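Next come the structures, one after another.
Two complexes follow with chain A in common, the first pairing it with chain B and the second with chain C.
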Partner chain A sequence: MLIDMDPLVLGKWCKRGIGCALIVIISICLGGCWDREELQERRFVLAIAIDKAEEGVRPDQEKITQVENFYQPHGNKLYRLSLQLLQLAPSQGSESGQRGKTSTSLISTTGQSMTEMLQDMLGQSDKDLWFEHVQTVVISEEAIRQGGLQPITDYLLRSQHIRWLTKVLITSGEARAILEYKPPSGEPSGMFIADSLDMYRKNPHVPGWHTDVGSIAESHDNKQRVLMARIELADDIIKLGGMAILKDGKLIGYVDEYATQGGKFLSGIEKSAIITFECPDSPGKITAFELFSHETSLTPRVEGDNIYYILDIKMRGNIGEMQCGIEHHVVEDHQLHKLEELVAEAVKKNILYSFHTYQNLKVDASVFGQKLQAYEPLMWEKVKDRWDDEVFPTIPLIVSVNVVIENVGAHK
Partner chain B sequence: MANLEAKSYMSTWQLAIVIFVTCVGAQVMLTPRSLITKAEHGAGLSVIVGGVLFYSAVCMMLKLAKEYPDETFVEYAPRLFGKAGGSIVVFLFNLLFFFQVIQIFSGVGKIITFYMFDQTPPEVVILALLVVCAYCALQDWGTILRLQQFMFLIAYSILIMVWMSSILNFQPENLLPLWPVNIKAVISSGFSTWNMYSGYECVLLLMPLVYRQASLNSLIAIIGGSFGCLTIIFLMITVIIIGVLTVEAAKNLLYPALIVIRSVELPGTFIERLENYLLLAWIPVVFDTLAAMMYFMGEICMRYWRHADHRPWVLFLLPIIYISSVFLDNQQLYDRVSMFTTWIGLLFSFGVIPASLVLSWRQKRKAGTSCD
Partner chain C sequence: MGKVKCRKIMKLSADMPEASFDQAKKKLTELQKLTTKSAKLGEDIGQIIAQMRQVAAPSNEPFIFTSKLAENEKLMRVVLRDCGDIEFRAFDAEGHKALLIYLEGMADSEHLERSVLKPLMSQTAPTNANTTKLSNLFTDMKVVAEHILGAASVTVLTKASAAIDAVMTGNAILLIDGLNDVLSIAVVKYTKRNISEPNNEYVLQGPNEAFNETMTDNIVLIRRRTRDTNLKVRILQLGERTKTSTAVLYIANLVKPGLVEEVERRLGLIKIDKILSSAPIEEFLVDHPWSPYPQTQTTERPDKVLAALYEGRMSIIVDGTPVAIIVPCTYNVLMQTSDDYTIQPVVAILVRLTRNIAAFLAIYLPAIYVAVVSYHPGMLPTTMAISVAELRARTPFPSFLEAIMMEVLLELFQEAIVRLPQKLAGAASMIGAFIIGTTVVQAGLINPLLVVVIATTAIASYSMPSYTFSMALRWTRVPMLILASILGLYGVILGVLAVTIHLCSLRSFGESYLGGMINFDSLADWKDSMARLPTTLLKTRPKEFGAQDQTRVGDSDGQSGS
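Right after this comes the complex of A and B.
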């Protein structure tokens, strides 16, 4: 029958046939199913902990660590990688602690390459591991001291799945134990820590701002220091406070909460803080100033071969607490001005404490070098190679603080 | 198919929009790293230098096209350079679009598979985009023009709006020091911004549709506005990249223009991973650039071989484009092709076009003398 048909009609049908076949083939290829993975087929990783391989392993856990282990063709067993996994359907009774329910589980393995360990961990999971929702990465001090920061964070920086806002923390103890911690609220510890660190604007004792994966990448590229928030666990208590400073991937040292607060005043990133000082007429009694806003200007000055910095700070806030009682009648202007001067003096002391801590550690943990590079590039070219070791520890800082007390509280 | 969308004229403003839309394409995402690596803090100045340079090239093209009002470059090039020379020049003209198109397909395939669909082979992403762009390029110019005008209003505003959210992480001091800059690097990088501004060569094909609508001076002024907008957009992107990431960080990232948005935290919203939103806004921008360039390639072939329809040529070029894009998967090869394309582009704009103008003037003077 087809033979009897007009060749033009046949050509038309051929064209249509080819067109239909093409549509079907292209639709099958481009149907968008390549990356399809249903929500229930994913195992969300909420937090990552990285320890030294044998760190924190008790004698009774040796059998467990043997099972967690795998044959490694290259390298050594340097690190123990632990992942906190979210259970979308909580298993009955397995995670019900006394202080609240958490629907998470923890898996670990040891090795050297992070990606190789992640591959091995699939043997402990029934679903594909999903890293897009990682909230926190906790690294133990021992792991960093063992081989530096670079081998640990390289995977985090290369991965397209890990978000750049993921917080990176350091602990002097075991990192895995931090993931095992069950917060009173019942939420997973990875989320609890990330949320707690997110309050860095209100909590001057944690660095927050410069401690995520993106900041580590930027600091690494600019050959600057890396700041990591410190987290510690003792029994059933977890605490964020202070920070660690790293340079060239090595841990330089920890700084306390007071220095962390001073560093945030220096960088101008603090939005809320309590500044305390002793009442001059009542030794042992404390007055607290509640900071609401501040503006910071740090300017480098060069005179000949001498470099120094001028720091101007303007602060506004309220009197939050005054244990001195009636000795300061705060309604009167001259008394208010006296209090403002005392607050300014306390801020200045805090900043210089932080500044001298950095100088003693021989690391520019704030933005002094960056400011010099930006505003005095010719001088920076002269000193950049010996900045941290020789120049920064000797430069003077002139601090000027102007405080305005706007309110004295609901009751005087 | 009835040719309902054949276009015999367009306004100067439409030409300005076509130039803008064709130039702002995929390269806006793919080029900044190499530019910042070379010019460092002076990258913004390089963008301005590039804007001035390529605007002067467009002015020469407009002047040349005005000499041959009813013809495209494909028709008058053989008269200027001879049959063989003309063929080489037209081939070079088409090669410009071809190399840009395969680079864009390859780059887009890589970015999308890396950040959005990591299980999907880049070949499939390229094929999908190629099918959509080919469908658009098979239409007549009226349809493509309407699409470009629509994209100009919608896609670009969304793209810029998403990009601007990175201002939340902008640190003005990262831009410093503005001085001293490496003048030599700034100027040489100015030439290498051709990748960003490329696409303006389409005026040599579109001028017959426009020349009756305006004088040369008004054309130069309106296209100047288009180039001003291009320069502002490219400058804005370069400044944002340096201001957010710093020069050193931008050098180490494959696609800093995309990563610039990765650390943005929108307060009070649930929106996360903004780079995916940026990619989604960027895909239509890439699509209209590619569709227009594929149309131009088909049009050049059609005019050179004196055919009546550009569509068979677009279909003929499809497998060549696809195979070439897929073979461009190696980054080193990609960089080499990119450099080669830049050299061809510069040769065309600052070698072929001035030579064409000189030859045109000489021929006209000769013709005038012989008449006397």
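Right after this comes the complex of A and C.
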């Protein structure tokens, strides 16, 4: 057959065949198979907790701490690193159709270097630890106070596996205990916390917009403040709310839910919020305004050496709740305007509350500095070195809020 | 002593050399040689006689006809010796001896009786008034044909080869003593299949006539659908021994200039003894016989052929095959079905989109699965990664092996169902469904997700309008799988590049296989390739086939409505 073929055709074919074979062989040699690892051969790490070495250890647990340990040529036993691992239960055939229940386990060790601790932890695992699906990182306040944030997060920023969108949270208690928490749905607590924090657009009490690994890396590189969502555990109740502000690796302070909500109004990133105020006619009773959408603009103004900011907010929403008594039908124009003014007042109060909180903490936790840099670069150059400590705590903020109440009329 | 005795008993040939096995074998072969030699000699003698008979015959003719019937008959008998189905019917026509030669079963004997034998033999009857006058007609074959015979199609032949061809195609030839011409009478009639519904290209709403094995019938099916005189039919004979009739169809004032010549040139280059179906012709026609992708479109629907002809393409119909070949062929035309034009355009657009996605899935889905599961599980959403890992926790094999096993099962399964008689195919598919669907998964050999992936792939490839194209997709799947298992997504992307480059560089009579779709010059062709606009908007022919007249209404030469 081959003899019958035109020698030219054969030559062309040979060349092409050799070419294709070379491409395949070279690419195999260059890149083939090196990171092939079947999904079931990987041990999913779902959450990481970092504590101070002996945090929360009861005297009867001495033996355990001896095992969760290793000999370390350099450094001290500063941190305790805990990993939440996913234990796969094989699904029982196809007939039943039910998935095996996922369970998790927790392993810990103590040391100073995160990578060294991870290496030691392989002694507690049957499969290679795999970090691409890490959902949350919980850091205890004590661990940060001990040596700052940098030694803790450096590994998170360098690791090729941990994603930028991994959530980082802070707790005032023991971080490992939070990973031990069992959500009622049966899902791993790492995923529970991440999902809960993901609702930040609906829940103005959690920050969520600047609290992932990527933002920490960014803030770190720009020498700016770092925000972390706060999580607290008491018995078997877990709650997200408020946030912590860090600067230069040091914890500056916690900020409560009200200030967190105000901070979100400042940067205009919330999707919905409840704004409450007292009923105009019956004091002690509450009316709640439900926010639908808003437009927010924050602009810096410079007059001579004076810097001030103008915050202009337009909000649309409806009355979500009105405990004032008989008058629950709001249809009259003057009534509406009165309510709108009250809402605006409440929003203004909220914003100024968080603004003053930031000023008292001497940290620009919002975007004031960035706005100044963008709109008035010359002024920024002058003040940037003493911005947080001297300039920011003194600048005034003029807030104007315009509220429109929609969907008026009878309730259903 | 005992040994010697033993030897004597065992070997008879020791005493009688002529009884040995070797000797007998030798004798037998000698005898065989002798018989073959004598058979050859007989044949040679026959040939020598034929050669002696032929008086200055040209080199490509077996002999030339003489005016003596007896001699002509002998010559014909030599050529047609040992063909038991040839009928030699000698009769007397007005004192002239005549001979009718035809192939029994292929020629209509009733028709011969009625239109040849009767008129000729009745010339001898004394009741006929013009007897003497008519007897003078036997001086020229043409006159005989014009005045006596009642057959519709009659040709005068002078060459012996043409006469033999005529007999072999089923015509009857008439020889009359005293004339050195012969008359070929078209009386071909043999049993053939009726026009039936298409087996593979059934259409829900639309014409459902399909080609049969007879070329003339197939041409009629096309002719009947148009009254256009520009529809030209050229008939060629291919296959040096079988001399299979092959028709080349095109619309004279539409077809791309040069295409007809190129097709005929390529057909002319075919040097092969037999053409039993259209498939070998396709392989001679294409530029890249090693590509798995079909480079000619085949159809069993006459309306599809006509639609293609009016796009400026050409069709080849081979006698004996119920399928017409259409060239040039591109990815676009393989993705179209007749049903697209019977359903609502908006629906058709969605259907075509689905079909294109299906083509992609049929090649790449298992590869993407293997790449993601073995190399990049980080790409999956966490909940999905966990559930996939759960499903795979029980399976002992790497995903590549698993996928290959499943592919093998699927291929076995498809092949078995195609080969089995229809009654058994149902049983086979039941077994297959049980094995693949449940048992393999229960046994823990293959995880259910992979079954979903492979089944999706199989269904996607079944949804291709062209069977040959879906076979090509099946073929491409395996190298993609191997690439994915070696290099992960990087390999899949390499594969995508390789397939795309191959398809773009593949040419079918000058038209790029895939290139037309991504060529900005012919972006207007999307109206009937990626999308399917309402017929009111399909006013121009596809640019990629280079029809001479681009507008679909009227014609450049003034003939309207063609």
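The rule is simple: the second predicted complex is superposed on the first by the 361 of 412 C-alpha atoms of A that agree within 3 Å, B and C clash if a C-alpha of one lies under 4 Å from a C-alpha of the other, contacts with A are read in each partner's own complex, and residues count from 1 in each chain.
Keep this in mind: a contact is a pair of C-beta atoms (placed from the backbone, for glycine too) under 8 Å apart; a residue touches a chain by one contact, two chains touch by 3 or more.
Here the structure is a predicted model, which is why all the values come from computation and not from measurement.
Of the two partner chains placed by the overlay, neither chain B nor chain C lies in contact with A:Lys77. After overlaying the two complexes on the shared chain, residue contacts for A:Trp13 are found with chain C alone; chain B is out of touch. After overlaying the two complexes on the shared chain, residue contacts for A:Asp35 are found with chain B and with chain C alike.
Residue contacts after overlaying the shared chain place A:Lys382 against neither chain B nor chain C. In the superposition on chain A, A:Leu86 makes contact with chain C only, not with chain B.
When the two complexes are overlaid on their common chain A, residue A:Gln135 makes contact with chain C while staying clear of chain B. Contact with neither chain B nor chain C is seen for A:Lys362 once the two complexes are overlaid on the shared chain. In the superposed pair of complexes, A:Lys127 makes contact with neither chain B nor chain C.
Applying the stated contact rule after C-alpha superposition, one finds that A:Lys371 touches chain B and leaves chain C untouched. Comparing chain B with chain C, more residues of chain A are touched by C. Shared contact residues of chain A with chain B and chain C: 35, 132, 163. Residue ranges of chain C in contact with chain A, taken from their complex: 290, 373-375, 377-378, 382-383, 385-395, 398-399, 438, 441-442, 448, 483, 485-488, 490-491, 494, 498. Within the complex, the chain A residues that touch chain C are 13, 20, 23-24, 27-28, 31-33, 35-40, 42, 44, 46, 86, 88-91, 93-95, 99-100, 102, 132-133, 135, 161, 163, 191. Across the complex, chain B meets chain A through its residues 114-121, 124, 127-128, 131, 173, 176-177, 179-180, 245-246, 248-249, 251-252, 259, 262-263, 265, 272-273.
Interface of chain A with chain B (complex): residues 26, 29-30, 34-35, 132, 160, 163-165, 212, 214-215, 217-218, 221-223, 370-371, 373-375, 377-378.
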